[in-house]
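Before I ask anything, let me first share the structure, which is written out below as structure tokens.
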Amino acid sequence: MSEQIEQALSRKYEAGFYSEIEAETFENGLDESVIRRLSEMKNEPEWMLEWRLKAYRAWLEMEEPEWAHVNYPKIDFQAISYYSAPKSMKDKPKSLDEVDPELLRTYEKLGIPLHEQEMLAGVAVDAVFDSVSVVTTYREKLEEAGVIFCPISEALHRFPELVKKYIGSVVPRTDNYYAALNCAVFTDGSFVYIPKGVRCPMELSTYFRINEQNTGQFERTLIVADEGSHVSYLEGCTAPQRDENQLHAAVVELVAMDNATIKYSTVQNWYPGDEEGKGGIYNFVTKRGICHTNAKISWTQVETGSAVTWKYPSCVLKGDNSVGEFYSVALTRGMQQADTGTKMIHMGKNTRSTIISKGISAGKSNNAYRGLVKMGPKADGARNFTQCDSLLIGDKCGAHTFPYIESRNPSAIVEHEATTSKVSDDQMFLCQQRGLDPEKAVSMIVNGFCKEVFKELPMEFAVEAGKLLEISLEGSVG
Amino acid sequence: MSQWLAKVIDVAQENQDFLAPVRQQAISKLQQAGWPSQRAEQWRFTPLAPVKDRTFNQTQTDENVSVPEIAGLDSIDIIFTNGVLTTSLADLALPEGLRIVSFAQANAQQQADIKTMFGRVKPEAHVFGQVNDALSQHGVMIDVADNANISPVVRLINLTSADSDNHTRTLVKLGHNAKAKVMELGQGEHDSMNTAVAEYAIGDNASLEHYRFAFYTANAKAVGGSHFKLGEAAKLNSTVVGYGSQLSRLDIDIWHAAENAFAKLNAIYLLAEGELFDLHTCIEHAKPHGTSEENARGIIGDGARAVFNGRIHIHRDAQKTLAEMNNRNLLLSRRALVNTKPELEIYADDVKCAHGATVAEIEGNELFYLLSRGISRQRAMVMLNFGFIQELVNDIPSKAVASWLQPKLTERFAQMEVK
Amino acid sequence: MLSIKNLHASVDEKDIIRGLNLEVKPGEVHAIMGPNGAGKSTLGYVLSGREGYEVSQGEARFNGKDLMEMEVEERAREGMFLAFQYPVEIPGVSNMEFMKESVNAIREQRGEETLTAAEFLKKAKEACKQVQLPLDFLKRGVNEGFSGGEKKRNEIMQMILLEPSLCILDESDSGLDVDALQVVADGVNSQRDGKRSFIVVTHYQRLLDYIKPDFVHILAEGQIVKSGDASLALEVEKSGYAFLGKKYEGETA
């Protein structure tokens, strides 16, 4: 029976194509001159360059973290190119008509048409290709509502004060090894600002695509939701199928001011490598949000790609009554390794957090949940509930749970539960006896296992996530 | 390097007993690894500063020690004082099937037996396990013959006087179908240091009732461990009670080395002002059809810190394992602190595993109800909090032990301030 | 419809079915009774193709096709339905979702149009009412947290929706009180249309008071040792399984 399940899980990576696009790519290697050149290319203000250099110098002194339950050869940071952009983007196309059609075709192939009339209604997209943003749709419509949604490189020129105020305010430059590297060499990403009291009229989304060989992707996203505002944001990502590993080290910072709500969803589908573990993206990401009084940040992630994932989207619940949520599905197959989870730092009174993590391990993969729930001395009446469930498929994979709980407040309540289960022969037999083929049966059981998380995704994307899981499972549930 | 550890190494190198080759390995490791960094996962929440620069001191025996009596308990007492075995084993009346040999008096055959047991159950451990390997010249081997059913409890009593070091080792072997009861009890005075290690090899179908009471308080320091290897269908029922001190750390390792073994571990900790208790448990399921049940519950008073690290590791072969672990903590003050980490590491798919951890306070309504009936706040908290500790006390297999422990715990809890 | 000849089957290398013959024609209801350990449940599993149930000899044909050549789901799509003695829980997958998938997989096989969500919902609601389950059971996870009786009724609801041509009811009466039994039996009886066939596997005669069989077979030690009409069941009820030999004395039906 488990053989059938294994088969149903065998992968097909549909986003693994490469687009022939003439690119301007830095030669491999990293030193201060590379950072200066990068900053110059983007015509950045002086303070930004200084900020990058400080991060770089700090990074040189830092050590690569080794505590995660993952194994990979040491990364040669000199063998990576830190900037690559389609040549056609040099002239900064003013409208979609001026964008290289090959670029547009790439996104179309990925199921993300960038022509507004063809897009999902109600979703604005920032398309980032290697190191640059290609286009951001629905900008006028958003600007009418006062919402800023643009590449962060552009925001540096148009809204320098906003960027300067918030960049690095949630994830400090020296937060960790990869965050520091990102601060030094980040190329592009999205910037979002929602003014006071505004409910963002559309879903915002950024789609990251790595295309060039030997390039790292270091994007940076900064979302500021001012008092009483509301925004829902989604990111997606894919990369061509290659035998070499590629590094992706992003930083995402969220600021939810008083009474604001940010919903951040990720559908991560970087190339995972082949069955033998050859190739694939190293996905080392730092994501953190800060919640002021009564604010709420909700992270939802569906992680199916990457060879190695190291990622802990976190919430600092600073303001009283603020709320943090983390809903995660992580599926690993083949030789994939994931060490992912969250941190909920309760500082304010009556802060609440919920963690629902569903890990599915198959093949020879290893899937670990690592989380921290911290109740500070002032977090009176704070509450956390954590549920970590693992599903093992086959007897060559591993499922692990490493929850750290720290409490310093007697009135705070922390509850943690974890279980493991398998797709049972009984379940498979029942489904098949009712006429479902094994692929569909596995897909359905796995989807059921993940249901609590999928229902947290924005409507438009729940379907996409479900589909992604199906592609991964090679089934086709309607 | 720590001043204490440097002295430990010096002293260890002078010792030349029949275990010297094994000890030499430990010494080399200590020399290589040096003093652990606070960042090491093992010591992340447990500062080792109190031991680092204390003065190493192997004093001789102390006549003024008092041995805790347990009413109604039939026991065979083996007493170590400041690292020295002070019980005359020859004077003990042992039931048939029970043999107790001291390291110092072992004959050639017994020395060979000791060598085959020493360090075979204790995992490749941290610095204090190695210190014990290097220094434990005074130890005993307890051998329970196949099919023997030993009814008295063998008590291993470890007492340490002020400013003294105490590093002893016990090796326990239960033959096939054997039944035995062993209690490890430790107490220490001002600035004492104890690393008592016990290793248990429980044979096929054998059954062990085990207790470990770490009654270290104030600035008595202790870092010790009880380590178990379970044979086929072997049974272990262990109860652990820890008070807290400046540094009190206990490692419990249970290794399911054969099929169908069963292990139950109940742990209680009650920590008062300024105390720390760190319980590290690790259950290794290496073979199929094993069962483990673990319950650790603690109350953490004002200014106290509890650390719980519970690990369940299910190996590839250990299909059909049932493993459950639960850790519950109650904080009595906002100056109380708990770090808990219930870990699962699973490599087999057909297993049932669950763990849970909670940190909570007493339900406000319940407290109000009691207060409104005129019960003092202190008393009300005792009544309400004690319930979840009481469940584990009720689960203790020996009535005599339970009724001896009960008032001790109640009294200790009553002294803990609720803020 | 179903033709079983000299069937031998084993589980874990232990022979359970040892030379069983059975002929079921459209519209017939066959009751299979027998003492504990006779191989009653095994028969249902072997026919539906459960893994681990090895057929060593003989044959079983369903609508002329060799059953042993077909996968579990192919048999289901061909019209075979097994009502489980112990229905399985699938957390998170709603009854609705599950049955819609199943119904449409089977309809596709039959060359029928798949049902739209609305059409399906209408049918599902009717079936749900028929087995007297509250409608919210459609939204709940498959058998998740259902009582024993609810699980059995849920099986019958699925049977009604899937419109199979051969229904094998594996001890659908076990653990039910009289009222629940009546609901299950009514559900089954409503599906008797002269074409659909049933194999009712039961230890006790009482289910057969509600579902009238055309034939009753006594299964013992892997073989049908006695066949007759409904009166055979009553006979067994009166005198138990003692006639099978000493070891069955005291085992009532």
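For clarity, chains are labelled A, B and C in written order, and residue numbers in each chain start from 1.
Throughout what follows, a residue touches a chain if its C-beta (ideal position, glycine included) is under 8 Å from a C-beta of that chain, and two chains touch if they have at least 3 such contacts.
Nothing here was measured: the structure is a model prediction, and the numbers come from that model.
Participant: Taking each chain's centre as the mean of its Cα atoms, which chain lies farthest from chain C?
Facilitator: Using the mean of the C-alpha atoms as each chain's centre, the farthest one from chain C is B.
Participant: Per-chain Cα mean versus the mean over all protein Cα atoms: which chain has them closest together?
Facilitator: That would be chain A.
Participant: Hey, how far is the Cα centre of chain B from the one of chain C, in Å?
Facilitator: It comes to 56 Å between the two C-alpha centres.
Participant: As a quick test, compute the distance in whole Å between the mean CA positions of chain A and chain B.
Facilitator: Centre-to-centre distance between chain A and chain B: 44 Å.
Participant: Which whole number of Å gives the spacing of the CA centres of chain A and chain C?
Facilitator: 48
Participant: Once bound in the complex, which stretches of chain A touch chain C?
Facilitator: Listed in rising order, the residues are 1, 424-427, 429-438, 440, 444-445, 447-452, 477-478.
Participant: Chain A touches which residues of chain C in the complex?
Facilitator: Answer in residue numbers: 48-51, 71-73, 75-77, 81-82, 84, 87-88, 90-93, 97-99, 101-102, 104-106, 109, 141-142, 158, 162.
Participant: Enumerate the contact residues on chain A facing chain B in the complex.
Facilitator: Residue list for chain A touching chain B: 2, 67, 375, 377, 390, 392-422.
Participant: Over in the complex, which chain B residues touch chain A? Could you list them?
Facilitator: 41, 45, 316, 319, 329-361, 419
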